[in-house]
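First chain A sits with chain B, and in the next complex the same chain sits with chain C.
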Partner chain A sequence: MKKLLDVKNLYLYFATRKGIVKAVDNVSLSLNKGETLALVGESGCGKSSLAKAIIRLLPRNTHTYKGEVYLNGENIMEYGEKKFRKEVRWKKISMVFQGALNSLNPILKVGFQIAEPLIIHENMSKEGAYKRVKEAVKLVGLHEAFIDRYPFELSGGMRQRVVIAMALVTRPNIVILDEPTSALDVITQANIMNLLKRLKAEFNLSYIYITHDIAVSSELADKVAVMYAGKIVEIASSEIFYRNPSHPYAKKLMASVPTLRSEKKLDFIPGAPPSLINPPRGCRFHPRCPNAMPICRREEPKMKEVEPEHFVKCWLY
Partner chain B sequence: MVLLKVINLKKWFSMKKGIFGTTYYLRAVDNVSFELRSGEAVSLVGESGSGKTTLGRTILRLIEPTDGKIIFDGKDITHTRVEELKWYRRSASLIQQDPFGSLPPFYTIYKILEEPLIIHKIKDKNKRRELIYRALREVRLTPVEDFAPKYPHMISGGQMQRVAIARALILRPKLIIADEPVSMLDASVRIEILTLLRELQKTRGISFIYITHDLSTTKYFSEKIFIMYAGQLVEMANTDQLIKNPLHPYTQALLSAIPDPDPENRKKIRKVPPGEPPSLINPPRGCRFHPRCPNAMPICRREEPKMKEVEPEHFVKCWLYA
Partner chain C sequence: MIYLSTVGAEYSIKGIAKEILSYKSGVIGIAILLFLIFLSIYTVITIPYDQAIRMWRGEDRMWIENPRNAVPIWYKYIFGKNIPENIAIDSRDFGKKLGIVKVISDIPGTNFKKLYIEFTFTYPYDDFPSEINVFFFAKYNMNAPLLYIYWIKPNNRKIELLSYIVRSPREDILYLSINPVIGNKLQNYIEKTVGEESEVFIPVEMALFAVEDRTLLSSLTAKPLNGVYKVIIEGMLFEKDADIDVRLVVYGKAWGMFGTDDLRRDLLIPILWGTPVAISFGLSASLLISIIHLIIAVASGWYGKWVDSLIQRLTEIYMIIPFLSFLILIATFYKLNIVIILMIIIVLNIFGGGIKSTRALVMQIKNYPYIEAALAYGASSRRIIFLYIIPKILPPMVPGLISSVPGFVFLEAGLSFLGLGDPYLPTWGKVINDAFTGGAMYKGYYYWVLEPSLMLILTALAFAFLGFALDRIVNPKLKEM
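On to the complex of A and B.
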């Protein structure tokens, strides 16, 4: 199958007063059409930065931004900002931001906010754009009349649906979901997950789903990438990952997930993730790893394909 | 032995609309009754806006109750004057959700922990230091000499929450109410903090109310679960019983909304009720869950069901079991 998105050796560093933050450090991953990749890890491991690097929304203190990103076989890293904005961002790859509840403009009607990307990225007329907005609003399970409301008139779940409509209105191939349900109640969360599943099936969408909640990630993920301290340490199909992950960090992460229906002993990872300014030498997980060996302290392991489509970055393998 | 008894507790907030407008009441806690035994850990579970935080704060008398009774250790403290509540402040403490906001930023950890000791008139300086170091050791912030002089911003979120736990424990309370103590923390740190809390609670025989929206952790950290919806308790049972045999349709919905990590999940659509919890200003008549309930009957619209003991220690407020 041809890859829809192929990220190779991507770097994103930020310059801060304390030093250079290596938020995304030599990351490679790929995504097929209609596939969902869940990106999981603790907060501060670079998940959101990776998403921003892919959609090229970079803060002003960006220090290094390099690598290759192929979209349908074309290296979009070579595009200039104008071309990228016109042909890629929102048109091909859109994003649902974290804290979407607060990402709506409080003084604009939601209909206008959904129409905005069409007017900006596709040069559509207002009438044409509003027609598409109505479709998008219905698609996410809201009534047409909602487009004339202001965000404060909507509940959390409805606002989340508006933000999803905004990401879909340009009919992109890839939607990046950055913690799309973290501020919602569990029943609302389940409703939104159902919606995302339906949209995915209907439009053959690909999602990159960023979350720290492993249990909820299994609602969407076809494959899972585990990120730790700016690097991806394991990529596996969800069949493998949720039943039997390989990397010691992924194992610990799974062991810390409380389950309702099965009995298991909960475990936690001692210590905290390292600073991204001055990460440990060798494997970045070695100070917290139960299986650390002398070589882990000295040398960084390479990503290895332990079985087809299952990659692990660890000296054990 | 029953440590805390709450009878028909109400907390209505009055809200005025406009200058001459009528007064409305937001019924955050509406007719809540339960008992808590000494040494027992209970999870109070509900969605945001269900009134669980208000219930916790009202029990601690941080908010004045509107009606009902709070009996702690055999004493009615519902309307005791605040000046006479000092003994209660010592016996019942609170751990808040946000460690970044609940610890004063310009105090050292030592001073944060010393404050309650000074207020409760422990005059001997050496004795205070002894107690502070003991509390820090209990929450495993060791070596204590390193942590005591630090300021909150110098430590991690998990460590801050340990300081908050140490502060809640330092006066040896009989009851601790922890309001979403881990929801601001990373998943892997959550388990660490909850394990610590549970261990301290068990070994010290402290009664514990764990307020949370996360049903999946309650199984590991409490003996009983109370489910709250729109200002009322709708089901109370032992933890295992409630998870294996939930009776109230709302509890059933909550449980079915929570995934366990499983690759099969992505192929299924979850059965969950549509809509969101009602406004507490004008809650639905009858049972408050009826507009979203898959089993709603005509009586649910008319009349409010009573809390009923359906099997031993398993209470449910639903017409299906009346």
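On to the complex of A and C.
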């Protein structure tokens, strides 16, 4: 299958007063058409930074930003800022941001806000854009009348739908979902997940689904990538991953997920996530790893294909 | 959908007005402001700019019949005293008004004519007039008319004031009050009547209107004599076509709604004209400076890097420049009109302290997720600035804008007070300046200082009250339930 998105050796470092934060450190991953990649990991491991690196939404204090990102075989890293803005953002890749309330401008009506990408990218008139906006709003299961409301008049779930409508209105191929359900209650989460599934099937969308909630990610994921301290430590198809996680960190993550039906002692990972300014030498997980070996302290492991479509970065394999 | 429409209303002007009116200070502010705006419109319509300037300059001796330093007429209601008002009698009104007689009779065999004019008026006031002038409107070619003027008091004493030869065939004024001949004559007359010498000079208008007893010897005890007065002017006209008309003006001590200044000008003009000048000056200075600050602050906060550094350093330099000293310096060297003064104030304020706080707001908003989202879907900087940032920081700026209006109103008044304001416009500050140089407080002309001051205070209060109300509306933490 032809790869839709292929990220190779992507780096994104931030300069801070304390030092350089290696938020995304030599990350490679790929995404096929119609596929969902779940990107899981603890808070602060660089998931959102990776998403921002892909869509090139860099903060002011960016220190290093390099690597290759192929979209339909073209390296979009070589695009100029203007070309990137015009041709990639929202045209090909759109994004649903963390925290739906905050990603809506409180002083613009919902409809106008959804229309914004259309007005900007397709030079549509306001009337023409509103037609598409109405379609998009219906698509995400909201009533047309909502386009005349302000964000604060909507509930959390509705806002999330609005943000999703905003991401879909330009009909992109890839949607990056950055914790789309993190602030919602369980019922609403389920609704949104079903909505995302339906949209994916309807438009053959590809998702990059960023979450710290492994349980919810299993709903949507075709492929899972586990991120730890700015690096991807395991990538596998979801059937393999959820049944048999291989990296010690991934195992611990899975063990910490509560289940409803069976009695299970919840496991946790001792220690705290490492600083991204001074990550540990060798394997970055070794200070917290139950299976740490001397080599882990010295050398960083390579990504290894332990079985078809299952890559792990660990000296155990 | 009912919910939707009510919430939508909060963003409309009507909604904001409604909310302002829910605060007492808002109601007061709006009421005063509306009154001042109405006054401004009324002023500009009834007394156009050119006319106001002409009146303020006092062209063509247009104020000659006003008393100097007259208090407002309504003083009499406050102090319960019948303060004298102007009495003007004109021989040209003979036949039209009562109390005027004018007879010209030919002397047979000559070209000469005999003139007899008699004015009769009652004087009901509790105080002496401030001044008495006689205006002559003569018509002759070579030989000026000769006149004798007599003054008859209610006690029927007839005083011959003087014989007078008209000096000009056009308009001639006899300043009775300061005429030394009349002064001496009256002094003698009084001393003879009272039988005692006066240590001080008795003013003419006092001698002519007072009860003739010992009280007259001091200006503190002299009492006006109420009743019917007569002024008789007899004379000879030496030419066939010669004619003369006389106008007697007994100046009062109260005039109009606002009184007059030491140049006899009606204070109504500067009090009324001060309103549109002050409001438009204050509002435009405040508005323009706020807009400039907004633009600069947004540019500084949004673009960051060297733009930010440059703007911030410039602001810091500007903040230590002594603004008022500079303004006074410039205004001293050049006589500037009000528009130029406004421009200079704006230029001296371009990088004001307001930039710092607005920039801080921009920096905060810049990092909001929805700005990041807008960047992500490809909105340009301009779009983000005008559609996302400015609408967000505008509401907190409005109370500041309104509250800073009085500062500029006072600044203009202050410049005028220092004699550095617009040289032509009648403004409140200029009236205070005139009052100061005219010794108003020393001489007790309080109305002269208080009227423009009260207008200034009223203007300041209007904007301050409105600012308070707006502040509470945009600052929910200050909101009262």
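Definition applied: the second predicted complex is superposed on the first by the 316 of 317 C-alpha atoms of A that agree within 3 Å, B and C clash if a C-alpha of one lies under 4 Å from a C-alpha of the other, contacts with A are read in each partner's own complex, and residues count from 1 in each chain.
Here, contacts are C-beta pairs under 8 Å (C-beta built on N, C-alpha and C of every residue); 3 or more make two chains touch, one makes a residue touch a chain.
These numbers were taken from a predicted model, which means no experiment stands behind them.
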- Task: Evaluate whether chain B and chain C can sit on chain A together after superposition, giving fit or clash.
- Result: fit
- With the two complexes superposed on chain A, say which partner A:108 touches: chain B (first), chain C (second), both, or neither. second
- Message: With both complexes overlaid on chain A, does A:75 touch chain B (first), chain C (second), both or neither?
- Response: neither
- Query: Does the superposition put A:9 against chain B (first), chain C (second), both, or neither?
  - Reply: neither
- Query: A:262 contacts which: chain B (first), chain C (second), both, neither?
  - Reply: first
- Return first, second, both or neither, reflecting whether A:123 touches chain B, chain C, both chains, or no partner chain. neither
- Task: Could you look at A:90 and tell me whether it touches chain B, chain C, both or neither (first, second, both, neither)?
- Result: second
- Task: Could you read off the angle at the CA centre of chain A, spanning the centres of chain B and chain C, to the nearest 10°?
- Result: 80
- Message: With both structures fitted on chain A, tell me whether chain B or chain C touches more of chain A's residues.
- Response: B
- Item | Smallest separation in angstrom, by C-alpha atoms, between chain B and chain C in the superposition | 7
- Do any residues of chain A touch both chain B and chain C, and if so, which are they? none
- How about chain B: which of its residues touch chain A in the complex? 47-48, 156, 158, 186-192, 195, 213-217, 219-220, 243, 253-263, 265-266, 269-270, 272-274, 276-277
- Please name which positions on chain A make contact with chain B in the complex. 36, 42-43, 155-157, 185-191, 193-194, 197-198, 212-222, 237-239, 241-243, 252-254, 256-262, 266-270, 272
- Task: Enumerate the contact residues on chain C facing chain A in the complex.
- Result: 1, 3-4, 7-8, 304, 368-370, 372-380, 383, 387-388, 391-392
- Contact footprint of chain C on chain A as seen in their complex: 55, 57, 60, 85-86, 89-90, 94-95, 97-99, 102-108, 116-117, 120-121, 145, 148-150, 153, 163, 166, 170
